[in-house]
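Each of the next two complexes has chain A plus one other chain: chain B in the first, chain C in the second.
Up next is the complex of A and B:
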């Protein structure tokens, strides 16, 4: 049993790694289809062809693409991700400065949204078809389709402009007290949470209802087990895997949401770093950020799969 | 991103089955469900068709040309001359939204249609191809689905610069794989059914089987899926415009309207709220409509 489970998990890890490798190939291919562009970008429009050619040679752009891909890929192992074309700083340095901020933002959002979403999802599943369920259904169904910048602008309008509790769209770099901390994070976290909670609650509800519809819960109901006990003791333990799967999948939404949120609130994270890099067409930086985001996305999807595998006795004992 | 948002909508209807099956119908839940479904459907249909009409005929009703500087006041509030106020350069917001909606809706419709054509087309045809070809095509789509849609768009814009065809291409590359997955699994199930086997034994060609036997039986779920792709693509493209990396001036979609007026947010300008609400009502309306449509189809099947 151990062996097969171990093999299953190992197989899933290997397939994620292969996908990541293919993703890196796609990203590299897109960003390197125009050779010389980086050199042209650095030197500006008025550079002579000789200058461009010299810089291309210096940057290694005249080498065959596959070799460049290999050098780029191995750079990730050694931490040499190249230099930012716009200010000459090492990409790894820029990423190191910004990544912790983004992780902190994502961490706070996760800690707040997961319990709320679980409570909402479980409550809706228990009161299926009732007023609470219908209200939550309408709200969450609407929220998953709302763009982040609408939530953000409304939040600013209410909390900063009307009520004056929070500063509008300004990042306070000195976080020395709990109050200052709250002021910085309140609105970005609120914006990220609103869409994330809606999505997670819907998936939690669906996962739990899947269990509630199964024969053993019907059996428990027929022999007179009260509703609360039916959900908490019978259905929920079996829904843990699917719910964990749903949570991990929903969290991958954060990767898209954080791009808008960091930009609108001027939050110095990796997503706003990437948006700036795209505007400046700073390809080395874009490649590195894109790989970090895609890696994080694949990691979450893989975690979701592993939750499903580990919680399913049939897969576990195969 | 690509596939996660699809799941709640697709799965959100499970309680309907249970209603019919496992609970004693004391006050006819089917009836109750129907009236509730009708309500969300009408809200969704109303909002969605409103924006569709605006996209088609909106510019005809615009009181001013889109780029005309018509007022001395920037970030003006609502008034009789400017129903939705004025923007950061004193242009009429109503006219700009009426014109901008055309880009938002039009681009997303084109991209959603292309995504479905590419995704569902391949999904259907690969079932009939040799196994090794089917697997390699599936691997390609699996790789593309592992790149979050915003990442794909950002990486492509950083390499090629932004333009409308490129934005559509980025959306198709991001959203065709999801469509492929759904169509592929639908077609795979259909291909095992007897009437398809019969057609195969009869000696029909691959294209005939795809077009006559398989396609008509999967058109409804594929269309529902296309509706959801439309919502995601509206969110993606207006997000890109909001970042300043989407549709470029002088043309403006609703996302660019939010971006260019973001400076007025601290004074609570209508110019930033109105286009943001416009996008929200479009996507929420479309989502409600699609959800109610897919729910009612499940009811019919029972």
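Up next is the complex of A and C:
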């Protein structure tokens, strides 16, 4: 069984890598098709054609696309992400500055939102149709419905402007104590959580209710198994698959999709780096960011799949 | 713990269907059992059998409530217990054996953990003792490898074994009362005999009081002391088993008895066969998995199948689950491609897959599935369901289609007023008739019937069989009739084919094969069908342990 499990993980990993390779091709093709020319963009509209041509040669833009793809890909594999066209800094340097911030924000949000969402979903499923379920339903629905920029703006208005408790902008560099850390992160995390918790809680509730309606849970009930044990020991292990997938899909949003939150709170994350790169036609940077987002997404989906497989003896003991 | 007495007085149960007013589904049920007696609740689906049985545990399903009456087990008034006391009672003094063991076992937990869970949470035994007792029970219930079977997961054992494991789960706390809810309905007849025998012995030895829910009178006759006949939630008749079988007072009981004893026709049923060949199958092999060098798949489901059906002829295919019956129908329908062999239809070779078949071939072969619930689109009205094949296969004017749909309703004996209903608004028997009408709409030569009466109550199923026989007489349609129930095959078919582990072990006219079976397996299959007389079970010589001697290699 151990061997088959190892093989399973290996197989998943291999298929993820192949997916990533295909994605890299798509990313490269799309960024090459982007309108505008990097050299033109860098030099401004008053540059002479000779200057543009010279810069193109220097950036390697005059070579055939397939060769450029190969060079880019092999560079990528060896950790050389290329050089930013707009300011000449190594892409890896730029990413290194921003990625830890993004990961930290994503990490804190995950640690807070996942348990909360699970508890809310489980509580709602156990009290289906009751007052608690309806209240949670109303709350999660309105959380999904309200756009995050509104949540963020309202949070700023209330906590920063009216009450003055928290800083409106998240200057990560000013963090020197735990108190300051919490102050800086409170509002971005709150905003992100409000979106994620709602999605995950609703999926958890749905997946769990599916199981709670099954014959084996009724059987557990007729064996005199108390409600909490029925949910945690009987129903939940069978709902792990769908819940893990819902959580993975929600969390994948935490790297690339947080641009609004990063903008409103002026948080130096990787999403805003990519948006800047797109407007600057900074192809190397766009490609690197896209690959990071895609890799993170594939990793999350793979973890979710593994959770689903490990929780199901039918798949596990194949 | 010995069995205790059970007294039920004036039990009323009410249900509130979504969006409707509350109504009574079980009313005025009274009965009393002495310690160690077995009471059978019998009736068709929807008659309230399970609802009453579950009330013995103080339990009502979602949307139902126990509105009145009392259930007295020994000294305990079950319905007046608090929630905590009720929980302490369930799985300890009163235990439950569910209809589908496959659904009632948690797929992600080991069998042993589930079997001993009740004993552990009620503090009846510690883990060590519970496991020992479970292993002892596994042995008594004739489960293979009692020491280790508990380490497996539910998907790793067979249906009959799961049902016995569930019995072990119910008996491990030495309960005073056991509720058995159709415990053998989902099993093959050959397995049913073993499971019934094991249940009966273990329960007799322990003197357990039991409530046995079933729709099958012949099974009930083997195990029950008393019978309570139910219809629409009300008692029709109650009495000792012998009295109910020999002198049924109520008309409904008599109709149940009649449906359980289908008359055996002396001659073969209406031979409308013309001797004109319709379907011929030569040396068919079907399997799944990777093919080896000789083109044989890894797992062979069917092998060496030869058969011939003439126009207007009915061929019955019997065998236990996993014998390849349905696969045969699927291969003829083109849903699975055979790995070897030839299927000829109307003297022309049938393409193994759907892709190569002509629209006319599609029209001429129709399939009717077991579960009309799943086969009919719940969002479509009956009219739309019946219109669909007419639009697909025939160029007809709107007016002609309308007439044809009404004709079809007449053909399957459904009132035209049902045309605008959705399947969910029809009864089980009506749905199966619509299912059949849809197949008839294509004016087929051959209908593949896959267990079309298995999901229906005996009385309703008998009416569908009657209809099938009549359609055959009137329309000259041929059937490939798949069933695990020998009596249905006997009453409808001319020829019969007995499948065992994917091979045909016996083939011939129904009267010959079923009256003078040559193969051991056929004999076992016929001998395992419970008869409507008490004591048959003890006299029955068949068991899973007596494997057919000439089993194919």
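Criterion: the second predicted complex is superposed on the first by the 294 of 318 C-alpha atoms of A that agree within 3 Å, B and C clash if a C-alpha of one lies under 4 Å from a C-alpha of the other, contacts with A are read in each partner's own complex, and residues count from 1 in each chain.
Rule of thumb we're sticking to: contacts are C-beta pairs under 8 Å (C-beta built on N, C-alpha and C of every residue); 3 or more make two chains touch, one makes a residue touch a chain.
Note that the coordinates shown come from a computational prediction; the quantities given were computed from them, not determined experimentally.
Participant: Where does A:132 make contact in the superposed view: on chain B (first), on chain C (second), on both, or on neither?
Facilitator: neither
Participant: Would you check which partner chain A:238 touches, where first means chain B only, second means chain C only, and both and neither mean what they say?
Facilitator: second
Participant: Report for A:112: first if it touches chain B alone, second if chain C alone, otherwise both or neither.
Facilitator: Once the two structures are laid over each other on A, A:112 reaches no partner at all.
Participant: What is the contact status of A:311 with respect to chain B (first) and chain C (second): first, second, both, or neither?
Facilitator: second
Participant: Using the superposition on chain A described above, determine whether A:8 touches chain B (first), chain C (second), both, or neither.
Facilitator: Touch status of A:8: no partner.
Participant: For A:214, using the defined touch cut-off, is the partner it touches chain B, chain C, both, or neither? Pick first, second, both or neither.
Facilitator: After superposing on A, A:214 lies in contact with chain C but is clear of chain B.
Participant: Contact-wise, after the overlay, does A:47 reach chain B, chain C, both or neither (first, second, both, neither)?
Facilitator: The answer is neither, since A:47 touches no partner chain.
Participant: Quick one: chain B or chain C, who's touching more of chain A?
Facilitator: B
Participant: A:226 contacts which: chain B (first), chain C (second), both, neither?
Facilitator: second
Participant: Pick one for A:190: touches chain B only (first), chain C only (second), both, or neither.
Facilitator: Neither chain B nor chain C is touched by A:190.
Participant: For chain A, give the residues common to its interface with chain B and its interface with chain C.
Facilitator: On chain A, the residues that contact chain B in one structure and chain C in the other are 218.
Participant: Going by the contact rule at the top, pick out the chain A residues touching chain C in the complex.
Facilitator: Touch residues, chain A against chain C: 214-216, 218-226, 229, 233-234, 237-238, 311-314, 317.
Participant: In the complex, go through chain B and note every residue touching chain A.
Facilitator: Against chain A, chain B makes touches at 1, 3-5, 7-9, 11-12, 14-15, 17-19, 22, 29, 33, 36, 40, 139, 142-144, 146-151, 154-161, 231, 235, 238-239, 242-245, 255, 258, 262, 265-268, 272-273, 276-277, 279-280, 283-284, 286-288, 291.
Participant: Which of the residues in chain A end up touching chain B in this complex?
Facilitator: Within the complex, chain A touches chain B at residues 19-20, 22-23, 26-27, 30-31, 33-34, 37, 128-129, 133-134, 137-138, 140-142, 144-150, 153-154, 156-157, 160-162, 168-169, 199, 202-203, 205-206, 209-210, 212-213, 218, 246, 249-250, 252-253, 255-256, 259-260, 263-264, 274-275, 277-279, 281-283, 286-287, 290, 293-294, 297-298, 301.
Participant: Which residues of chain C touch chain A once you look at their complex with the stated criterion?
Facilitator: 54, 57, 59, 61, 87-92, 95-96, 98, 100, 103-109, 117-118, 121-122, 153, 155-156, 169
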